[in-house]
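Labels A, B, C, D and E are assigned to the chains in the order they are written; within every chain, residues are numbered from 1.
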């Protein structure tokens, strides 16, 4: 018997063997295509949103506004990339925002207050991200605690550390050496202003996507998330893979801290602590399963863009702030419903 | 072969068949006992915490303070009870706090501003809780959306509705008929002041525990949480069970709203919105698995008390507020680690 | 690490400071002021805070814990009216309650209030902005704190600002119910929208970007606090729209005063959290020692710790202090 | 053998596709009263899908199911169960954290006698444990002595024994077994075969899916051979040999009917 | 038969308890070069636990494992794999969302040739798919034609075929199969038996757990009988009949050795 059904997993360019028993309706076939390329469905939602908001307010589609949306998405998009890695292993990280804030405070304070060279400060920020990842990873792999709990606990710890370390003080961008705020610089590309932070986020996405799809490590991440016991029995060092995922995500969070400093031209303990749920929202709207092992980083990027477009578009459309909250809630449910309907192709 | 290993599930009084192959160390045996009665381990943590804090500050053990702790725990304890039901079905409810607040505003405003009789107001509050549960349940069972997403979305919707409905205004207890603030009344029981809200919470716990352990519905809740496909094939109407769980939890949230009104002698859109994570923390510290199907409500009550005792005890001990945040983070991880160690008895 | 290992026996006086959150510099300053004053006065200070702005539940628990701890008094910046009943209980239990920063809606809830008049703070920057425009058309962007909570500071400053501009604010308890176009004291105005910022730089920037996209002609930006103002300015700078831009804010932290000096913010209303905290600690100490309670400012139902307009571009008839003066008084 | 009687359970033209995979491609099946019908076929031939459609676990895309000469539409496994059809699915459908007794009675818990049961709907845990023990020893299953052990602590074979015991205890009209002996030991397998015969003797017809040809030829009255989502043939152990059956199954030979 | 040679894999006094359940109670086992050793026993006798301890999937509480006359301690399945021991576990250990080819090469992905592979560690997806197809057809597994299908869409038997193919393709020193034919069709089962013989002919010893006595007696050189967590006897198909084996297994008779 010949079977057809594409993997949602790192499979690239699916081989299409001939089907001698194909009895599908056109609708099924569309769903099939969407299912084979899971990033299409959030892509469609995004395009629809852009069209609708463009219709509601002319200014929405102006290059300057679109460029703003990308800048608004850069930080949460980077956090969501780290979150995607964790969620692919069937984990969840409630501490991404807190780790980013801690790293950004360390970067800013060590360079501005302690006079370290900017590169050293960034290096220390990276060290903070890695240390936070290592701590979370240790608790998840060694003590076998559920990631939800680990990061719920470490969220509090990192928040307290940030405030204890910074004393709640904000470091202004104009006091920092220019390397730290570099990520906020923009350059024009065909009329659209692109910030270096957006470029960095995009580079990270491309790199992580290539690594996940192209390397053995990437496959092991999917395998571990899919069924850790099966992966263990197949000879994969599950703890090692998990630890490396937490470390990688910690490193990405350090980059997010840098992007964040450039974006708000400041390092403040108040910035971005609430971005945990936003990052999870982006991942889920992007079609990655919270049960692990299924999903792709492209979806996450689209998910982050969808949320960003919604927030910006609703605001341009002049909706009352409370109704914006309402609309974002409805969006989350609607976007995932559409995705779920498409995924029915599998069942 | 005879086997010994107790179910964590509604099994009462485990039959102890004879063991002809018992080769366990005393430590193993202690773990075995703890494992068979999963509420013991958070119980021990609680007793230890009480002893330690009693040593740090004399006032901690005074009856008035202990009675205070129970009152502080009443609202989050009730939310955590609703949360436990959801988590037992492998779900999670991020909207418990928002639903409670919405219900409390409806109860207060309809009686005070619209002049409804208090019973009618409470009835409307119950209707709000049930409606919220029905909405969440519908999205989870019909659209097959993950509960995390559904409640992440509905959280925003309920928050927005609360503010749109109430305009952000607080209704004061003295403007309400006494029935609404009844839950805040206290009576003395051997020197300790017990509030009616605490009594109501306790009654709810007893009722839910009896129902979960004693009825077919309770078993079905565990079965559905454990393996929904297996439950479906065994002839259980999974959607119906799930819907009933969301409805039951909505009803409990309405009671929580009432307790909340009495406790703070006010209905405010700002009270309790942040209690989502606290309620999940209580459930998890109480030993209920986030993967569903395993756990008991007693553990949740102990979990809520542990967090309450920690917050109160640390504060009486005069620890700096940031270090309190830090300590709560460490507590969450430590409490679950202890629990995990005990559960190793099973592996 | 304040007050560690407090043994509240009869000799030491215990005071609780309960702030809104631990992460806002305003409250950090307040905490530091209270700690310094407590050290001077020999008072045992315990600090507590809500988990986030608007979190009443945690503050209620902190009030109760203060009663349990046997403190002599409570200094609190309430997260909302929901905590007032607990304050009444504290007073019933014999604690002296001083509400800081935000006057309670129920006068029973506090023995006395040491506060900034937030509506007045808004009015001052509103009047200044109107004068600064000199009759030009005002295209106004409003940057508040929250879109998922309603808190009194947010409402009072927002509405005070519009009132100061001479705009009819409708219901003073509701943000955004005013007409979006009309006449202010100096001419025509247009309100582009109200956006939430979470009171932080990134939120301020995003809010300003969205407002700018909606209407690039914005020339007046009201911001809830200085971090939001700072972020908003970044957005205008990136868009090259800072010329003739009027940014006003409230707070008067040292960083905010610097921003006024640097031309980022045109004017800000300065508050005095440190003073509030110091006065509070001293008042309770004095009450215990001498039985003498502080009194409210004449003509007001609270003790006004004052609010001053800080700007280097003064206008006739609008009382203001310079940034040099403000630097002497600033916090953070 | 029973072809002149009316079938108790009959399927006509069942089609079931999974996305682009065709699991069933127009299958007919008849089960006559009091017979053991074996279903054999290669891996992926659609045997499990067939019985899932027959027992409400999957809804067929096309085709009809007749039960007792009445057109029936099962909306879920509980409907089939309500009609007295009990099934052991290939993946067993047990709740790992529940104990053996609770699994045996899952979905049809017995209530305590008196008001406690009727009004408060309290289940009779002790009674069910007692009945579970009785049921298991009646089936000769000795590998499960303590019915309070959670199913997750059992070996694969022990779990299968629990699932078979459940079906045998409650199947009143039809019992369907999907590879019930796959993980069972020799003795346990023989017990299951014995059980199948007992059911038939009690007048309960049985559908048995198995890859074990000796077993099939030992107990089956008729053999439905499934191939590539279709019924390739229906044979009897009298008319055909094991080699014939395997040849038809693998397509090496057309059915000689 | 091979008792004078030194065993390639030897276990001494293995004990493994799960909480209060004793899975293994002091088991010895010897595997000699080039032989097929069958392990039989009732459900719950500890067969799976035994091979899990032998292959690093479980760490025994007590006892020693000797590989090539060297005392060995496997810290995990990857250690056993590194020593050339390949195992098909009873629960198959496949990753449902990965496709067949990815599963076959899981944990030993091949890299692209050149810098892309050595420096950037890019895996050779196409090459592995090609090799997977070759591997499967070499094993005569025709039920799996498209190696890009995710394993979760396969029938139980198809999955088992994937797991067996993986072990056969990579086992260089010892291949361990825990009930490899439980869910397999007749033809596929025969292919697996054929495969076992091939492995033996290539000099790779095989440990086979099975409840299917005809299969066991068809391919095994020696038979290890496990009972109640202990080794009850080791017999050969020449010296004992199937009935003898079943009698020892069930405790009806002591081993007559």
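Going forward, a residue touches a chain if its C-beta (ideal position, glycine included) is under 8 Å from a C-beta of that chain, and two chains touch if they have at least 3 such contacts.
The shown structure was predicted, so the numbers you read here are calculated from the model rather than taken from an experiment.
S.K.: What are the chains that chain A and chain C both touch?
M.R.: B
S.K.: From the C-alpha centres, identify the chain that is farthest from chain E.
M.R.: C
S.K.: Quick one: chain C and chain D, Cα centre-to-centre, how many Å?
M.R.: Roughly 72 Å separates the two chain centres.
S.K.: Averaged over CA atoms, how far is the centre of chain A from the centre of chain D? Could you give it in whole Å?
M.R.: Spacing between the chain centres: roughly 47 Å.
S.K.: How many angstrom lie between the CA centroids of chain B and chain D, rounded to a whole number?
M.R.: Whole-Å distance between the two chain centres: 41.
S.K.: Tell me, which residues of chain A touch at least two other chains?
M.R.: In chain A, the residues touching two or more other chains are 1, 3-5, 159, 163, 322, 325.
S.K.: On chain E, where are the residues touching two or more other chains?
M.R.: As it turns out, chain E has residues touching two or more other chains at 18, 21, 44, 91, 143, 153-154.
S.K.: Give me the residue numbers in chain C that touch at least two other chains, ranges are fine.
M.R.: 22, 148
S.K.: Which positions of chain A touch chain C when the two form their complex?
M.R.: So the residues of chain A in touch with chain C come to 57, 59-60, 62, 64-65, 68, 71-72, 75, 159, 163, 167-170, 172-174, 184, 186, 193, 260, 263-266, 268-274, 311-312, 315-316, 318, 320-322, 324-325.
S.K.: Show me the residue ranges of chain B that touch chain A in the complex, using the header's touch definition.
M.R.: 139, 143-146, 148-150, 152-161, 163-164, 277, 280-281, 284, 290, 322-323, 325-326, 328-333, 336-337, 340
S.K.: What part of chain E is in contact with chain D in the complex they form?
M.R.: 18, 21, 40-45, 48, 90-91, 143, 153-158, 160-161, 179, 181-189, 211-214, 246, 249-250
S.K.: If you look only at chain D, which of its residues touch chain B in the complex?
M.R.: 57, 76-78, 80-81, 87, 89, 91-99, 102-103, 106-109, 111, 120-123, 125, 129, 143, 145-146, 148-150, 153
S.K.: Considering the complex alone, what residue numbers of chain A touch chain E?
M.R.: These residues of chain A touch chain E: 1-12, 14-15, 17, 214-217, 219-220, 222-223, 226-227, 229-237, 293-294.
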